[in-house]
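Lettered A, B, C and D in written order, each chain numbered from 1.
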Amino acid sequence: MSSNSFGKLLTVTTFGESHGPAIGCVIDGCPPGIAIAEDDFAHDLARRATGRTRHTSARHEADAIEILSGVYEGRTTGTPIALLIRNTDARSKDYAKIAEQFRPGHADYTYWQKYGTRDPRGGGRSSARETTMRVAAGVIAKRWLAERHGVRVRGHLAQIGDVVPRAHDWNAVEDNPFFWPDAAQVAELESYMDALRKSGDSVGARVTVVADGVPPGWGEPIYGKLDGELAAAMMSINAVKGVEIGDGFASVAQHGSVHRDAMARDGFLSNHAGGILGGISSGQQVVVSVAFKPTSSLRLPVRGLDTHGDDVEIVTTGRHDPCVGIRATPICEAMLALVLMDQALRHRAQCGDVGDVAPRVPASAPAPGTSGGHGDG
Amino acid sequence: MSSNSFGKLLTVTTFGESHGPAIGCVIDGCPPGIAIAEDDFAHDLARRATGRTRHTSARHEADAIEILSGVYEGRTTGTPIALLIRNTDARSKDYAKIAEQFRPGHADYTYWQKYGTRDPRGGGRSSARETTMRVAAGVIAKRWLAERHGVRVRGHLAQIGDVVPRAHDWNAVEDNPFFWPDAAQVAELESYMDALRKSGDSVGARVTVVADGVPPGWGEPIYGKLDGELAAAMMSINAVKGVEIGDGFASVAQHGSVHRDAMARDGFLSNHAGGILGGISSGQQVVVSVAFKPTSSLRLPVRGLDTHGDDVEIVTTGRHDPCVGIRATPICEAMLALVLMDQALRHRAQCGDVGDVAPRVPASAPAPGTSGGHGDG
Amino acid sequence: MSSNSFGKLLTVTTFGESHGPAIGCVIDGCPPGIAIAEDDFAHDLARRATGRTRHTSARHEADAIEILSGVYEGRTTGTPIALLIRNTDARSKDYAKIAEQFRPGHADYTYWQKYGTRDPRGGGRSSARETTMRVAAGVIAKRWLAERHGVRVRGHLAQIGDVVPRAHDWNAVEDNPFFWPDAAQVAELESYMDALRKSGDSVGARVTVVADGVPPGWGEPIYGKLDGELAAAMMSINAVKGVEIGDGFASVAQHGSVHRDAMARDGFLSNHAGGILGGISSGQQVVVSVAFKPTSSLRLPVRGLDTHGDDVEIVTTGRHDPCVGIRATPICEAMLALVLMDQALRHRAQCGDVGDVAPRVPASAPAPGTSGGHGDG
Amino acid sequence: MSSNSFGKLLTVTTFGESHGPAIGCVIDGCPPGIAIAEDDFAHDLARRATGRTRHTSARHEADAIEILSGVYEGRTTGTPIALLIRNTDARSKDYAKIAEQFRPGHADYTYWQKYGTRDPRGGGRSSARETTMRVAAGVIAKRWLAERHGVRVRGHLAQIGDVVPRAHDWNAVEDNPFFWPDAAQVAELESYMDALRKSGDSVGARVTVVADGVPPGWGEPIYGKLDGELAAAMMSINAVKGVEIGDGFASVAQHGSVHRDAMARDGFLSNHAGGILGGISSGQQVVVSVAFKPTSSLRLPVRGLDTHGDDVEIVTTGRHDPCVGIRATPICEAMLALVLMDQALRHRAQCGDVGDVAPRVPASAPAPGTSGGHGDG
């Protein structure tokens, strides 16, 4: 019921402010016996971290995970897993002036209106620093999904500004700072981002995450739908303004004879649905796309208000990302993994006696298409 | 925790199958003292109903609400409000053949895989008939929001296939069978839909719903965000494939200097955010857009599978909507109203002592724009 | 989150007022494939019903269950099961005067204070009529527990006023109107109750319910403990003032060397714990005892207040039970069954891969003792 | 949904093992603006702590609270409050042998059966060390209740073994190591406990906690009842075997003409109900009694089992309390405060517009009586 908790059976509760002493999370409901160590979090945390390339904020956090509970002799015990990261590079002086200003496009004003107070240091609780713990929790979910069900969760950038990939190669994604699936475009993107950074402006991005190997039957009808929970999960990430499953908004202009995915003994013939029908996985690739707005913190001046109600011109000189969407790929992957694992546990609870059901249709090749391509690579 | 329940404090639980004896809902957590009678549901239920024009399914249900509990002497008592509608026009024989077939684009196969069984009559639980109870519950939420907070919830169609409104006039919306905001286009749409119906095909739609008068401060951070819950609410509606808040996916190509909504003492200068920042309402118009896929039930044949695992050609001859999105406007309105009321109650719980906070920025004029226009009309 | 819902994965939501048109419930999360028909509810509903003997209220309800959803061709489908009972013997005129009075010992005054209104007809929502739906839902839980896990749930009266059983024979329990485990005492109890009824007074009762065959491992630590949820479940029944697990309050005067249940390969040597350790079942008989207060509605006058704030003398002439605890046995059984089934599903979700764990200690003979005896009979 | 979380709107999630690196909690949903500092926790933590007198375990923890989030400039911000305590006096070597044994009366065997693994160091997650965080969270709840509503939460021991207080004086309670309300008996108790400790045995206890000043109307009907949630809260504490509201099990032998609390304009005439009717507070003193079993860890040998399934004789030489109930008073107080605050927030959510309702009956003097006396002192 806590609004800082996520998931019904695998429940992640996060805490911490951007410039407070620490951030952390409590992961409850995790099955026992999963091997996990503090080092296992490093890879995905580094993928999300700032300060690794010139294209993200200069803030450099060690992001060293301490496991406080729930793991004994290297394996989960079934009791709550608490993870802690001390904040080390918080320069709150950067935000001194901001304490009396409401930055447009930020949560400054809305937190103030809600609570009558706010922690202005680095955006406080509304900072994307919170997403660090989503990524950490996602590491455990990814591992369980892979080991227990052979499910693989991956993601890539599918658009920056008005640039879209011209090819789709999963092998390229992790070899450039943009999670971009087309190696041939990386130089172009570097220039694009350099120019953007010099201009002082920012731009939005589109991230696509997919899960291969999801068995049919995960998800619950009506208000517990797999796609409904994915929508909530993605929209809860900072700066997200839209979520699509499969063809998403492109479905609006499609005809039913095209959109509905025909099926045969050999497999589905297309995947416009993005692997979910009636809120339940079909066994095809689950495809989710997410729209990130451009960063609002710019050194370009903007009209704003201060806490006394006076008009002010606001210039933000702190460390910020010119495109927050770039680092969002591992965050979206984590949310996809967490939703899937939670649904897998719920499915086992209610339908654990159903067993394998015939006939089962193979996943078949995923549809290339509107989501920027997300083939089997 | 029930996946057939929605909302944390104002909790709506629905039940019933398309061709079962009845559908119904239980609304719990409703404040006492709200005047409500069985007739009050008729208007919105009629807006959602099939069988009123040739552009929707021919099924004609009386949709007569019986209030079973929670109302005494015409007012809510604070105890659960149970609403019941008997199904009267269920022609299950239409679906006899379907019982042994998995219709592509439907939940037939996924329910079968999940539960090892399914109620095939009219789609059973996966039928959009369930949304009747969302609309009914939404009637109470709309009333409370209007009377208690002056909030007005409205919606319109913003796209059918590739047709978009050329003008935006709220007064036009309720005067045509398409919830279309441009009266001048209605004849064109009638022809479009007639041709579509004759072709045996279907098409998708985009619905935009807005709430005016929402005070700043509604919503909760992180996993209880107003936009996160709206995304879940809308994605949980049958046939929805995408959800946007404010500019949504258009934000991807925007620059931060454009997207961030500047603010001044006189009001916000734009509303690209759709009235939500950091998961909390800003006091501007809340704007949500929803993508509906085209109906999958067509009399055009499609490759499918039967329950024995054999390839079959499937032709659907039951009564279906050529564009399910048309009737979806009141459903999306209802979900918006339910989410807002739930968040309003939660806000009062935690922040009931905060009171009015200065400075408060007026809503100002909403941005015309990418969402097809949703001005004050 | 609804306060009219119970259970995390197997969620029962009830609705309805004592003298409203109907009462009902929605059971969500139930596994598919359970055979269930309307007649299956009759037995337990009759055990709970009033009007069957002179020792309970004269109200006679048909308690005919209508299944509205969630069952297809005689088996559960996994979608919500809605059950409905029309109220047929509501004589609201009996309560006309009561509408302006707060009956001592009832919820009249507290509902009034909470909601500023109340449905006074037969106690409205606060009537024990609500427990009918608990019993109905419990029928499904009992069946699943028996068929899937070989768990048997039973109960008996363990005290009426200051009368306690002198022997314990399960075979006697269902053969007398008091669920009394000692046939030799029944005549004495008949006289006791007849005298009580003539006096116009009422008396409390103690009910003991047990579950045999519960495997070790059900329950969750800390705030999801099996005993914690049993306590909530029992205390939520009308008129309950106390709950004990195993030896309960008798443990206070015990020494640790006596209370702790020694264990050996052949089985546990005693069961003071009542089958639960650390919130998790041990494999022994689960034993719960419940204290019911005496009915407050008496024809004996009592000082009370009316809605105008004036002192009044209140005499209740409606139909009431001289000992509400008598009919409570099936209600307590139902709550025990519902908690166990919910926990069984949750256990399967988190620990479904753990499998059978060695060494497993047999349940052994349950301890006769403080709870009035609850042997294997 | 997490089983390590407690409360619907004020949600406390705890984590940590007895001999792990740390224990902690996350408190979500707390209203903003409450003054709180790290020192504020010291008083109640010391009341709960071991190692302060010879009558409790010798383990001495500093119990130094670090506030990790949710507090800015000395006041709560409305975001999650994370509290952390490092474990400093964990002597896991004491438990080396225990790792391969199941101690009777402990959760060793049940955790093993549930999870197929367990953290044996000091009982791991099943240790009463977890209750430290309940007390910490309770400090905030007590403060809010006192400042916002004038509610006072207190407790005392009401029985140790077969010793009961002969007088009731609130002023005595905090002046002896037993939270005993009769100063004249303290010397006798010291001797009693010394003899018990020497014998190597342990004994149970009864704790009574009360809340004065609770307004009428807190609590929710049916499954959200104030007493139902109190029962769950208390039963979730380690070693608890029974919970009573008001007269509790003594109600069984009472007549209705005695038990029902008559009311008049001047106030209630008795309080057998313990301040709760129909699950909702009546405005009288809320009275809860809790039964604690005797400690199972004794140096007296007992038959037990090892992890290989062999019979063993178990002797526990670690540091343990001869009567765990002694330190339980502040834990029970904390749970009472947390339940009340959560219900207060929920009441404001649903009924915030109801306002003060006439007529309101004064609390009047609480009934002395079966619960060991809990007068206004």
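Here is the rule we go by: contacts are C-beta pairs under 8 Å (C-beta built on N, C-alpha and C of every residue); 3 or more make two chains touch, one makes a residue touch a chain.
Please read these numbers as outputs of a predicted model, since none were measured by experiment.
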Co-neighbours of chain D and chain A - touch as defined: B, C
Between A-C and C-D, the pair joined by more C-beta contacts: C-D
Centre-to-centre distance between chain C and chain B (centres being mean Cα positions), rounded to whole Å: 40
Inter-centroid spacing, chain D versus chain C (mean Cα positions, whole Å): 26
Averaged-CA centre spacing for the pair chain C and chain A, given as whole angstrom: 45
Two or more partner chains touched - positions in chain C: 1-5, 8-9, 14, 29, 32-33, 78-79, 114-116, 125, 221, 346, 351, 354
Chain D-facing residues of chain B, complex: 1, 9, 29-33, 78-79, 148, 221, 345-346, 348-354
List of chain A residues in touch with chain B within their complex: 1-6, 8, 14, 102, 104-107, 109-116, 125-126, 130, 159-162, 201-206, 215-225, 227-236, 238, 240-249, 251-265, 269, 272-274, 276-283, 291-298, 300, 302-305, 307-311, 325, 346-347, 351, 354-355, 357-361
Of chain B, residues touching chain C in the complex: 1-5, 7-9, 11, 13-17, 20-24, 26, 28-29, 32-33, 66, 68-70, 72, 75, 77-82, 84, 114-119, 121, 124-125
